[in-house]
Amino acid sequence: MKAGSRLEKLLNQGEFVATAELGPPKSADIQLIKKKASILRGFADAVNITDNQTAIVRVSSIAAGKIALDEGLEPIIQMTCRDRNRLAMQADVLGAYVLGLRNLLCLSGDHQSFGNHPQSKNVYDLDSIQLVQMCKNMRDEKVFQCGEEIRNTKKSDIIEPRMFLGVASNPFGDPFEFRVVRLAKKIKAGADFVQTQCIFDLPKFKTFMQMVTDQGLHEKVSILAGVMPVKSSKVLQYMKNNVAGMSIPDDLIRRMEGAQDAKAEGAKICVEMIHKMREIPGIKGVHIMAVEWEEIVPTIVKDAGLWPRPEVAAE
Amino acid sequence: MIVAEQKDITEIVKMIEGCQNILVIGCDTCVTVCLAGGAKEVAILASGLRLALKVQGKEAEVHETSIERQCEKEFVDALKSAVKGHDLLISTGCGIGVQTIAEQFPSLPVIPALNTKLLGLPEKQGVWVERCQACGQCILDKTGGVCPISRCSKSLLNGPCGGSQNGKCEINKDIDCGWHLIYERLKALNRLESLAEIMPVKNWSTSRDGGPRKVIREDMCL
Amino acid sequence: MDFTPAIVAFCCENSAYRAADIAGAQQEGYPSNIRICRLPCSGKLEIIHILKAFEEGADGVFVFACHPDSCKFLLGNVRAGKRIDHTSTLLEKIGIEKERLRFFFLSELEWTAFVEMVRLGNESIRNLGPSPVKKEP
Amino acid sequence: MNDQDKAIVIGGGIAGVSSALSLADNGYEVYVVEKKSSIGGHALSFCCKATEQCNSCGVCLAKDKVTRAASSPNIHLLTHSEVVGVREVRLKDGGVSFEVDVRKQPRFIDEDKCIACSLCYQSCPKPGIAISRPYLSSIPNVFSIDRNHCLAFQQETGCALCEDNCPAGAIFLNQKEETTILHASALVVATGFTAYDARKKGHLGYGRLPEVITGLDLEQRLLAGRASAFFGPLTREGKEHMPPRIAFIQCVGSRDPHISQDYCSRVCCKYAVRMAAKLKSQISDAEVTIFYIDLQKTESEFLSLVEQVRGKISLIKGLPVEIEKAGNGAGVSMRYENIDKGCMESADFDLVVLSVGISPAVQNQILAETLCLRTGRDGFFAPLNLLDSTVSSRPGIFLAGTCQGPKSLVESVSHGQEAALRAVAFLRGLKKKGLEEVCHG
Amino acid sequence: MDNHLDSCTGGNNGIPVKIGVFFCTCGHMMNDYFDVKALMDYAAQVPGVAFVDENRFLCTRSGLEWLRSKIVRSGCNRFVIAGCSPHQYEVRFMNVLEEAGLNRSFLTIANIREGCAWACADKEGCMPKARQILSSAIKRVALAKPLEKVRRKVESSALVIGAGISGIQMAIELHGLGLRPILVEKQEKVCPKDASFMNPCTQGAQGSDEVFSSGWITQKLKELDDKKIEILTSSQVTQVKGGPGAFRVTLETAGQEKILDIGSIVVSTEPEKRAVQKMTALRPSHRIVSLSGLSDLVTRERRALEQILVTADKRTKYVCFILGEAEGFAKRSTVMALNEAIALKKQFKAEVVIAARDIIVSGTQIETLYQKARQAGILFFRSTEDSGPTVSIEKGVITVRIHDPALDRPSAKAASGNAGVCGSQESEGAARPVIIHADLLVFEDEILPGEDTECLKNALRVNLNKGGFYQEANIHLKPNLSNKKGIFLAGSCHGKEETCEALGDVRSVAMAVYSTLSRGYLETEQKVVIDTDKCALCLTCFRSCPHQAIEIGEVELGQKWGAKVIPEACQGCGICAGECPAKAIEMVHYSDNQIFSELTLER
């Protein structure tokens, strides 16, 4: 056991896990967090709590994560390198840990120019890989980035934050050949699980996974494939044109256009995608990114035959 | 070289509010080469200000001069006589120039006519691009001679983020992805394997983050 | 109102200057308040020259260049065009109507056009009234 | 100066001028014998075809050349002059040379004295007819008096107003025709072309209908002023101020076996489209149509020009069968064959421009006899070998420009240089030979 | 107000400026417009003016004589001539100055005839304007600086790049003029890439079918040999410095670097050929060829051709040419097509069809060739602008459909019936295309700039036009100048299509080259001067000079670097002076101060 988080345990049990996403509100509205949490409860083994997603100010991921935890979810705290330097990050890791949060997803983070404070100064003291490394060292070497031991005073004993560390991977970014290398790097840095960018272009993803398995990376880390239900063809079109590092086949867009009930079709596609994912060797689960559409998650999980979710086996 | 860009003249016109006798000082080095503050631009700016003042019906004199390098006290000192009788100095030098002038002429207000933008080079005539952040700890040896600090929007040290597509950066289609360039370069040099190593956390204390910096060459100190 | 604007016309000697000559020789009169300044090529015209003209009290500045692609020096008219765009934005920011700076394409043989342009140009400047630069403090 | 350093260029058109310039630039003494009162030929009577951009018609190029020629110390202009005889003479050093008789018609104004102040012109009772100058700053920039119209030669009283008014005392009404003899070892024939006389094509109505003009007429009109000037207020279908309808007719006197001018004049498509574009740029609402057989899409600039006018003017494949006064009195009506539609159609126009072709100059035959040169069946001077069209059938005489066959303005300039090259090579050859013989002797 | 005086004495190294003003009254004509006497008085009182006089006709021989004597006697060192436009006699007057031992730039013309007397719409405006013109002319001349003349010896060698047909001819012509041509070819041996590129323009028309075959070339190659013309094979130009008369050219010859001093450079490279899109779209077949492919068949692989066009069964064979698919070089295609068509008709008794929008005949004898083709019984179909011929391959049979509206006319029934011979008439319909089952289908080639154009362009620093061929788009460069003086363009590299045209072009270029080199030296005025101390080496002038007349390097041997003008290449436009951010560049005859001095208005 590295962190002993629920997610970790389920993966160790060899379950095909399903994680979801919970975007904290752009206001101090605690009810919204609770509402979303209640939707997802029982349908996701863990939920990512996003960190100022697309560089738009929101309730901090750790605070929201704590609430989710209290609501009976297993949160995965996302942490970007955009907004904090190494001090703040380590402080937050400690903070998250003392609040009982056990999963941490380390990200570079979208550039602030996308968000609602494009004029802000970005930090990028570390990059995502260095962040993972730092957290791993905090957990396993029990030291801060500076090398100091993690103890309050010389006399007091070492109490380190033990986080189950995740990273993101975008199989569709360029240069394509480098994507696997980068994943390998992240694993080397200490990643325990990987959540991929949401996948629409299956063939390309398969080639990616082929390269991954060829290098045996799938044995070193648990890979959760990202899937995304979309409400309309417009969303796809938008992502195709505006979201960097996205590969979306046109026939998919056409299919959505053709559909009478776009939403239903979106969900259907997502389900199909999940089924296909299960067949790909090296995939240990799915990460369902129903951005601002949490209510669809239960349906998808059910239709995908992933319900009910397994329990952690008692030791 | 240092690349600067002239401020909007309206901004400058506001800054000279109420001054009677103005001297525009050009710099014959970097800002001349980057076509922002050389003799030609000084003349245009001065003339522009004169016109602006006349249009506002104000009486004021605007004179012009130019020196070798505004970032050298000795050169700036040489302005002493030229400066006499002026109640405002405008520097078309980079930020360094403005401050040197301020230091040398403590009693006179000096205002900047330029925005100092970047350390870079002309990509083509009239287009300048950034190449260095003066981080104080060069790693170009590891990155095939392409600087990730200045050319990656996130100054990442371990390869392109997920936003890199078709060699372009996620924040803007006409910005090259610095890491893509590094990748291509190392591929050409066939040293890709070096990218597999994790580049350690950078020591930013050598950059601005370590507070105002200083370079001391003991042997050269008199 | 009775006001004769002072107008400086920068003329490329390969086109407009000759056109002006022919117009003259044809006894094809054009306003006498147009002051012609001969240039080897519109590409020689600098921003500062235009500004100086206004400083000296010109109410309008006309620039005559050869037609695109026919500059004897290939790019003179292109350069002139760019400089003039730059100048007119500058003028506007300074508070001088950019209509006071006019850019024309002309060939040596189009002297009738020259006369027409000068006359119309002169009218438009007249309508604009004296240059704001001349305001007495 | 030695004959082998001299050349005579017959014809002061653009080809001749460019030839003369090339020779003069290399230190040769050049005599340009021009029939008219000034050099430059057709080229200088053309207008600038620039629209929003330059359409590279080359008139300014011609003007440049002519001005340069005028100021070249090695070039001597003989205006009002014609070559009337040529004899070959052997020189002492064994080289050959030509002895050329040049007859100069009186201009009645002394070129050296005249200062082109135009006072004579102003004082003349028949200005522009009796005393004239082809165009401003013509070269030489000197007026000339036409004996057929000048009153001094008609009335017994004898008008001499010009003489009295000339401040420079440059007028000599008693000037006589004179013949001078020139020596040179090389001759360049550059007598140019004659525009096809559209009157011969009665059905097109040129000379009969005022609305029908030739390309050359249009050139001159556009040179004199803006296009809008030559249409009055057009009223038709009861409406006022209707846009002018203009037609260009291609291949008038070209590609026409019936008149044994079965060659393409090479320039018409280009000048028609250029002028169409020009008209369109001056009268934005004008309806311009070009009637043609085959559009000669050759040079890249022309292709882009065609692109430029695409959609703005209409191109119809087919030629008119007849042009008559329009029934309703407004303009002319034309019946034509529309090859693309494969039928006869008819339309009305306010102006019809005939793109007249390039015909051999009328005097070619006479000149050919004087110079003992061969002309082709098409009436142009025939080169020995089409791969080098500047070499005439007689050694020492070279051909330049449209006297040898249809050429555009720029092509003529180029051809002029070619002829100069041949002349230079020939003269150098003579010199060498001369030297050798001297050494032997 | 007249500070221009003190400011300029410096330019006149200390000697006080004394200005002489001469009026030409053009007869008495000027007096009709304004009071010349009054003007003279006005001029006399302008500071710096030391001498004023008038003459009735300065431009005449006697006038110039008078001027010369006055210039000498007046003891002035700057002169203004008030009279007609500078475009009339400026040059003559400047020459007079020179003869009088003064620099020609110490003269300014006050254009009070065309520029004022004749031009003023309002007579009362005339006098003041004349005064203004005069005063600014005086100020201007007071500021005048001398125009230095530079005389440079020139090399008699000329580099001919590309040993194609044009290149070879060029070398021979230049040699004939006593110059030293050096032929550069990137292939390892000189054999024009494609003799057929330039098609015998006069073939057929002249009867001699071999005006221009390989025979022509072998003969020329021999000539090269006999004349001992220097040829550098497998060589490429990598860098060119200097200007007309004195280029320093760096070549790569068989891997070796070689540096040559060259007087003048001629580009005569050959373009590339490519199959037109319409052809590449089709399934490749030995029965579908490009024009050049066809001429290869004709000349080299006759057997193959026979297999296509001669078979046991006596069925007539059909050959179809489709023209007008490629942009540009239409003349070349037409001529080639006509020639080949006639040949095939003659030799194989085949039915030959040429489908084209327009027949291009604007060249030497092409019309005749066209007529000849018609008489030979070749069928011409005119496809319309919007519906070109379509090609399809149906079970191995190449089928061409052509819409020729001419055939829809009853009158043309006969013709269409005739067309029927070479195919079948499609069922009745408004527009009935002619259908041809072609045994041989021929497309024109698309002509593209040579593949080395880009790098050669960079080495020579010359411009290309939109099509990527060597530029000449600007009328002032015609007939064959590049944007850089001393570098010329000859033949197909700038769009010449016919052999005659190309060879003619070669000769006119040869003449131009000779004109630059024949005198053995070049004398040019230093119109532009660069103040090295001010030069910030920003390269702006270097980049923006349209004639590539500015170089960066040691200003004087062993001195520090700076920008320097190559006077022989400079054409005096002043663009560089306008761009220079350090104000280091000045046009001698149009200095800023001079221009400013003309702007001051009388108040």
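As written, the chains take the letters A, B, C, D and E, and residue 1 is the first residue of each chain.
Everything below uses one rule, namely that a contact is a pair of C-beta atoms (placed from the backbone, for glycine too) under 8 Å apart; a residue touches a chain by one contact, two chains touch by 3 or more.
Quantities reported herein were computed from a predicted structural model and do not represent experimental measurements.
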{"item": "Third chains touching both chain D and chain B", "value": "C, E"}
{"item": "Contact-graph separation of chain A and chain C, given in steps at minimum", "value": "2"}
{"item": "Number of steps on the shortest touching-chain route linking chain A and chain E", "value": "2"}
{"item": "Most distant chain from chain B, judged by the mean position of its C-alpha atoms", "value": "D"}
{"item": "Label of the chain whose CA centroid is most distant from the centroid of chain C", "value": "A"}
{"item": "By count of C-beta pairs in contact, the leading pair of chains", "value": "D-E"}
{"item": "Averaged-CA centre spacing for the pair chain C and chain B, given as whole angstrom", "value": "36"}
{"item": "Rounded Å distance, chain A centre to chain B centre (Cα mean)", "value": "40"}
{"item": "Separation of chain C from chain E, taking each centre as the mean of its C-alpha atoms, in whole Å", "value": "30"}
{"item": "Chain A and chain D: spacing of chain centres that average the CA atoms, whole Å", "value": "82"}
{"item": "Residue list for chain B, restricted to those that touch at least two other chains", "value": "40, 43"}
{"item": "Contacts with 2+ other chains: residues of chain E", "value": "87, 473-476, 544"}
{"item": "Chains grouped in pairs wherever the two touch, ordered by label", "value": "A-B, B-C, B-E, C-D, C-E, D-E"}
{"item": "Chain E partner contacts - residues on chain B that touch it in the complex", "value": "28-29, 32-35, 38-41, 43, 125"}
{"item": "Residue ranges of chain E in contact with chain C within the complex", "value": "85-87, 111, 113-122, 125-126, 128-129, 132, 463, 473-477, 483, 544, 546-547, 571-575, 577-579, 587, 589-590, 592, 595-596, 598-601, 603"}
{"item": "Residue ranges of chain A in contact with chain B within the complex", "value": "81-82, 86, 108-111, 113-114, 122, 124-130, 133-134, 145, 168-170, 172-175, 178, 181-182, 184-185, 188-189, 197, 244-246"}
{"item": "Partner chain D, residues of chain E touching it in the complex", "value": "26-29, 56-57, 59-61, 87-88, 91, 173, 176-178, 201-202, 206, 211-212, 327-328, 330-331, 358-368, 371, 382, 384-385, 405-409, 412, 465-467, 469, 473-476, 478-480, 495, 497, 499-500, 503-505, 507-508, 510-512, 514-515, 518-519"}
{"item": "List of chain C residues in touch with chain E within their complex", "value": "6, 8, 13, 17-18, 20-25, 27-33, 35-41, 43-46, 48-49, 52-53, 56-58, 69-76, 79, 83"}
